[in-house]
Amino acid sequence: MAFVQNFPFISILLSLFAGPISSVLDKKWAKRLNLFVIVAIGIMSTAVLIFVLGSGQEYVYTMGHFPAPWGNEIRVGILEAAMALFFCVVMFLCVIGGVLERELEIEETKHNLYYIMVNLLLCSLLALIYTNDLFTAYVFVEINTISACGLIMIRQTGRTIEAATRYMIMSLLGSGLLLLGICFLYSLTGHLLMSNIKGQVALIQAAGAYQVPLLTAICLMSVGLAIKSALYPFHTWLPDAYGYSTLSSAAILSSLVSKGYIFLLVKIFYRVIGFDIIKESKVINVLFVFGIAGMIMGSVSAIRESDIQRMIAYSSVAQIGYIYMGFGLGTTAGIIASIYHILSHAATKSLLFIASSGITDASGKSNDFFDLTGSGYRNRLAGAAFTVGSLSMVGIPMFSGFISKLLFAQAALENRHKILIALLALAISTVLNTVYFLKTVIRIYTPEKREVVIDKGFQDVAIWEQSSKSIAMICLIALNLFLGLCSEPLVALIERGLEMFA
Amino acid sequence: MNSYIMVIAVLLPILGGVLIPFLPFGKRNIMAAYIEIIVLITSVLTFMLIFNRPADAFVLFRFTGQLSISFRLDATGSVFATILAFMWPLATLYSFEYMKHEGHEKIFFMFYTITFGVTLGIAMAEDIVTLYFFYEMLTLVTVPLVLHTLSREAVLATRTYLYYSIGGAAFAFIGMIFVLMYGNTSNFIPGGVMDLSKMGGNINLLLLVYVICFCGFSVKAAMCPFSDWLPQAGVAPTPVTALLHAVAVVKAGAFATLRITYFSFGTELLRGTWAQYLLMALVIFTIVYGCSRALKETHLKRRLAWSTVSNLSYILFGVLLMSPIGLAGALTHMLSHALMKICAFFCAGAVIYKTGRNYIHQLDGFGKKMPWVFGIYTVSAMALMGVPGLCGFVSKWYLAKGAVESLNPLGYIGLAAILVSALLTAIYMLTVTVRAFFPEKGFDFEKISDVEDPNWVMLLPLTIFVIAMFIIGLHPQIMVDAVAGVVASVF
Amino acid sequence: MDFGNIFVNYEEAVSMILFGIGFSNLLMQKNLIKKIVGMNIMDTSMYLFLALKGYISGRKAPIVVDGVQSVEAYINPIPSGLVLTGIVVSVSVTALMLALTIRLYNRYHTLDLDEISTRLKKEGL
Amino acid sequence: MDRKLQKLHLFVLITLLALALAALYIVWSGEGSLTLFYLMDNIPVYFHVDALARVFVTLTSIIWVLVGIYAFVYMEHEGKEGRFFGFYILVYLVLIALELAGNLVTLYFFYELMTLTSMPLVLHNGSREAIMAALKYLFYSMCGAYCALFGIYFLYKYCDTLTFRAGGTLNMTLVSGNEAILLIAVFMMLIGFGAKAGMFPLHSWLTAAHPISPAPASAVLSSIIVKGGVLAIIRSVYYIVGVDFIRGSWVQNAWIVLTLLTVFMGSMLAYREKVFKKRLAYSTVSQVSYILFGLSMLTPEAFVGSILHVVFHACIKSVLFLTAGSFIFHTGKTRVDEYAGIGKHMSLTLWCYTFASLALIGIPPMSGFISKWYLAQGALQSQTGVFRFLGPAVLLVSALLTAGYLLPVTMKGFLPGKDTVVEEKKERLDKMNAVLLILAAFTVLMGVWPNPLIKYIVEIMGGLF
């Protein structure tokens, strides 16, 4: 047991205790603690990743003194370590990206509360990634929901509270169904540890008994997690939640929170029930249909939006649709493409949110489409960042969007019946993305008339004025280009991780 | 000739272009000299490459295992490269004069020179991934050019252009995926790379994907359902409409369709199938539709743009014949149409530059005052009509030969369509000449006293193009042998 | 589909019915308080179901009264443990929902969520 | 007549004469051939002198010089002589090249150039309807040219070579599979080249363009340029496709029907037309279809008849149009009913007009009669079913109609009613009516001694049938 092996457990505990501690600290120290925690966890995750890559196979870390079927345990593989590292990087950039907004929008006293929420969110994400026990997963799902609701509500305007309430209601529905599914599984298999459940389910499947309860358990869990990660028909809460909350929480919510649930779903597919049983159970066809619908309808409603942040929120619905379409293809290549898309969407979406806030700063803080004309000239870096984000969303080569579109297309080829529907949906949604993203890019680069700028009081924003936001944008652009240009090692990493995953 | 020269030929204009706004130019003509030198060097490099082609490929950058940006100049690519290398220096020379009146020249010339590098990249692409990469870059790089005037229509035109091009590329992406997954290699191999055994012999799916990919790439070649963006792009300054929307961009689309038909999917697979007939029907409809719309247009540049739509479908018709003669016809028409159309657009540009008049009914009596420009316009009109002795006749001859030899009724209908469109071309081109040279009886020339020919900077490219037209028309042997060499290498 | 065993394990059937009631209330009710009540019904029905999983008839609750008898004397303790954690989660979520409801009520003097969102659209805040 | 104009006339006269003599010398100095340059990989721009070309070149040169002289005087009336004579000479050169063309592509090349260069002649006076007529002329001819081109593309594939060879160059082995498409191609060629000859589907430009252009131009247009279309049909049917390929096929029947329709319709419309030059234009439409009818019979006599009619109609029609020109030049009036009593002061012109119209109607001593005689003979001998009799019948009826629309001018001209006021100024012998006299003399002489011409045409027919 090398010392490195208990880094995952330490990082979960660290972020868990950082939460309550920062409640007593004042604003400055709470921020420093939070950043320290994120950086520390990032370093620890890299150490774990290197260790696991070196050892070449995953390991189980039992907590408490009870042996397997009763005690709790964490299972760490390449995929988990990589995801943890990536989530830390993105969270770090989102947090430092939104510093300015937080100064303006949150009252003095509430700052450290914000950092509590961020720490708890990080802790629940790490737990979701590492845990090998279903009920612990459910508990951390709840913690995740509550902290995300706190992040939305931190801005205290009428809209955010209403958005938080809607978010809470929909998430409770989702977690209710998830809990029901877990209880069904528990009643069927008698275990809560994922590997044991898998053994039992294999026996049941071999015996051919309890087909109906098993199927209902799978459906409940997938629909529950679909509701929580805002798949198409259950996405009504998303635009308000992401559209009106403060910048860093919108960025964190859109890139990380919904991805945590999707990762849990992947874990359930692979480690709890076994992917081949899932394939026979036709649940993935339902997810495929909802995914395709999400891809198209998400972009269609984004085209109708005239508020830039809500438009980006709607585009997240479309991208979540992409991921579920990847699951729906029912091939391991599809899962790899979806996981890659989780990474690329996280990077691109946070870049877009931060860039759009940069643009709105240069347009007198109004999110309205018509005030943004020519804002690309007023805030050069934000304009460039937004263009990079949009090009990546549209799938222009050299950016991460292109690689994930390529992986999805290659995965679609392996499934004989769904080739055409998937490829056509990909092409149509690229066109729809072009319509609303590049329309905005053209708008921010058509110069506004002189007198309009003066009487509306827009002023230019130089790069060094908002240093933290600029750093965040530059790093995210670099991350995006990194994902786009050297994607070969990453895909190989995910592939190896998935083999070990089962 | 070693192969890294290819990369220099592609990257030099791109880097040269990017530097333009940042280099401190004292006077305007220092910048002009700088740009002209860069473009000339690239053209010279390209011609050196064309005359002794490097055998091996050059991999510039490798995304993943299969995906790489790599260049290899083969015979077909060199035809497209010749057009670009021959026309770009002259077009840049022309645009120095033209852009005096338009604003922010630095941005314009930056993207104008970058487009040269990107189109060369398309010509020299070794595999379908590089072609797709530069195809997308071409759209992005030409958007600022179309958006140059930043007027209301420019913004709308750019938006349509973007949606059509990126949409087309998205559908072409499906074709690329099929080639990557089911082809033996992603490189362009004459005769096609697809092996049916890998995809379980489902030929109809392959044909459907070919149709989708063909339509995707031919959005840029302005095939019928997607040809609305080309006339609207006429709102851009003339050097853009002339070089890009009559030569570089649209030819890139036609070239891409040629590549996938002959080098990726392979003609044995496609000849005689429903895919070929469906696309041929579409192309034939575009030939006639383009001309009839041109007839109705009164705006000079939009009329020429519609005529480009129809002439491009000549090239696509040649490509779709899928026979050696058809390919020869497509390539010769690509060459000769580039010459004719850029000449016509530059004449229109000269008229707009000197008099600011866009509409045909304002051109009465201009022939007397601008004899040089309208003389050249008439010659290019004759060439477009296919009068023997000019380059138009040569390319129509090969297209017709291919159509007659194809022995299928659709080929004959295509030939009839080409002749009908030649007649319509005669009508909409010569009405301008008759109006210019033979105004009505009581026309007083004082009203247009300010009209006179532009200076030598504009007229030099025009004269060179006309001479080239006559040379190819009267002595087509040079072009015919070059194209025969290309066709031999493909079949 | 024999419905026989519904009468055998009728307890699970009851908890499922309770779950349905709670779920539909949470989803369909207009009034926020009724939504929260519906949520609580849903959670309690889950914990009933869980507890039933652990129950072995004829055995005692796993509370050590006078020394530990044999293992067979007690029912399976794990589901009860889970129920405890579940209750903790439900309580915290209910607290949060009530806090939100109070804030909304102070601001808009109504408990109807749709009413609030239409008023928000008019304000265009 | 200022100094500059006289110098221009002198210059034009010299060039015209020089060119005509050179052309005649080339043509009558034996079988020469010349390749200019290679238009396509195996298709040269190739000129070859053969018997048929000799007839056409001589006819064109003679008429072109005479009408040129007439135009010196007439063009004062129109103005812009420099442009007119420039294009006048240019068209002459293109015509000579067309007649000497050795293969089908060269013929097509000069056929198109002829349209483009003759168009400025039509829109000479620059009025609104002149430009519209010129555009109509241009686009009808272009449409005809492209129909012909459609045929040429097919013939290029199915013939051994496109160079003219008496009796046709169709390669039967290639043709065996697909006669249908080849017949369509040949029919399109007939329609295409027929457009220039004023045949039915594409004829309406002729009645618009000829009257508008100045009299010498319309004379030349009606007599020579129209014959360009006829020559093209002869070359493609008799020298490329070969007679026996289309004999008895639906193409021949359709061709006959079209020609007869045009003959009848031309003379009917001419009969009703009031403007003198328009009437003559309609008469050209019907007379040229006489020639085409003869060609469509595909029999030796009918061929002789058509070539004869080509020559006679050229002279007759130039006389008629030139008289119309002089009437307009002297009196400025264009309508037929305004010419009452014109015979009093322009008797010489009217006498020439009378002789020419008698020849056109086909009264025995005049030339028209001989060509119509051969046409009728050819029609009767051809095995074309019902057309053996219908053809000659239509020719007779239209001859009557020709009399109907030509002779009233003479009668009213010489014998006006009592009350018409007549101008006293007598007409002097000047260049204009000298040319008229020569041409009228030609029509009469050829009618009296047709044998050398007929013997020569029989020699042309050598390998054709």
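For reference, chains read A, B, C and D in written order, and residue numbers begin at 1 within each chain.
Here, a residue touches a chain if its C-beta (ideal position, glycine included) is under 8 Å from a C-beta of that chain, and two chains touch if they have at least 3 such contacts.
All of these numbers come straight from a predicted model, not from anything done at the bench.
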{"item": "Chain whose average C-alpha position is farthest from chain C's own", "value": "D"}
{"item": "Chain B-chain D separation of Cα centroids, rounded to whole Å", "value": "44"}
{"item": "Between chain A and chain C, centroid-to-centroid distance (C-alpha), Å", "value": "28"}
{"item": "Cα-centroid distance, chain A relative to chain D, in whole angstrom", "value": "85"}
{"item": "Distance from chain C to chain B - Cα centre to Cα centre, in angstrom", "value": "69"}
{"item": "Multi-partner residues of chain A (each touching 2 or more other chains)", "value": "none"}
{"item": "Chain contact topology (line, ring, star, complete or other)", "value": "line"}
{"item": "Pairs of chains found to touch, sorted by chain label", "value": "A-B, A-C, B-D"}
{"item": "Touching residues (chain side chain B, partner chain A) in the complex", "value": "61, 63-65, 67, 132-133, 136-137, 140, 143, 147, 150, 155, 158-159, 162-163, 166-167, 170-171, 173-174, 177-178, 180-182, 200, 205, 208, 212"}
{"item": "Chain B residues touching chain D - in the complex, by the definition given at the top", "value": "382, 385-389, 393-394, 397, 400-401, 403-405, 407, 412, 415-416, 419-420, 422-423, 426-427, 430-431, 434, 438-441, 474-477, 480"}
{"item": "Of all residues in chain A, those that touch chain B in their complex", "value": "391, 394-398, 403, 405-406, 409-410, 413, 416, 419-420, 423-424, 426-428, 430-431, 434-435, 438-439, 442, 445-447, 485-488, 491"}
{"item": "Chain A-facing residues of chain C, complex", "value": "19, 22-23, 26-27, 32, 35, 39, 42-43, 46, 49-50, 53, 78-79, 82, 85-86, 89, 92-93, 96-97, 100-101, 103-104, 107-108, 113, 116-117, 120, 123, 125"}
{"item": "Residues on chain A engaged by chain C in the complex (per definition of touch)", "value": "70, 135, 138-139, 142, 145-146, 149, 153, 157-159, 161-162, 164-166, 168-169, 172-173, 176, 179-180, 183, 186-187, 192"}
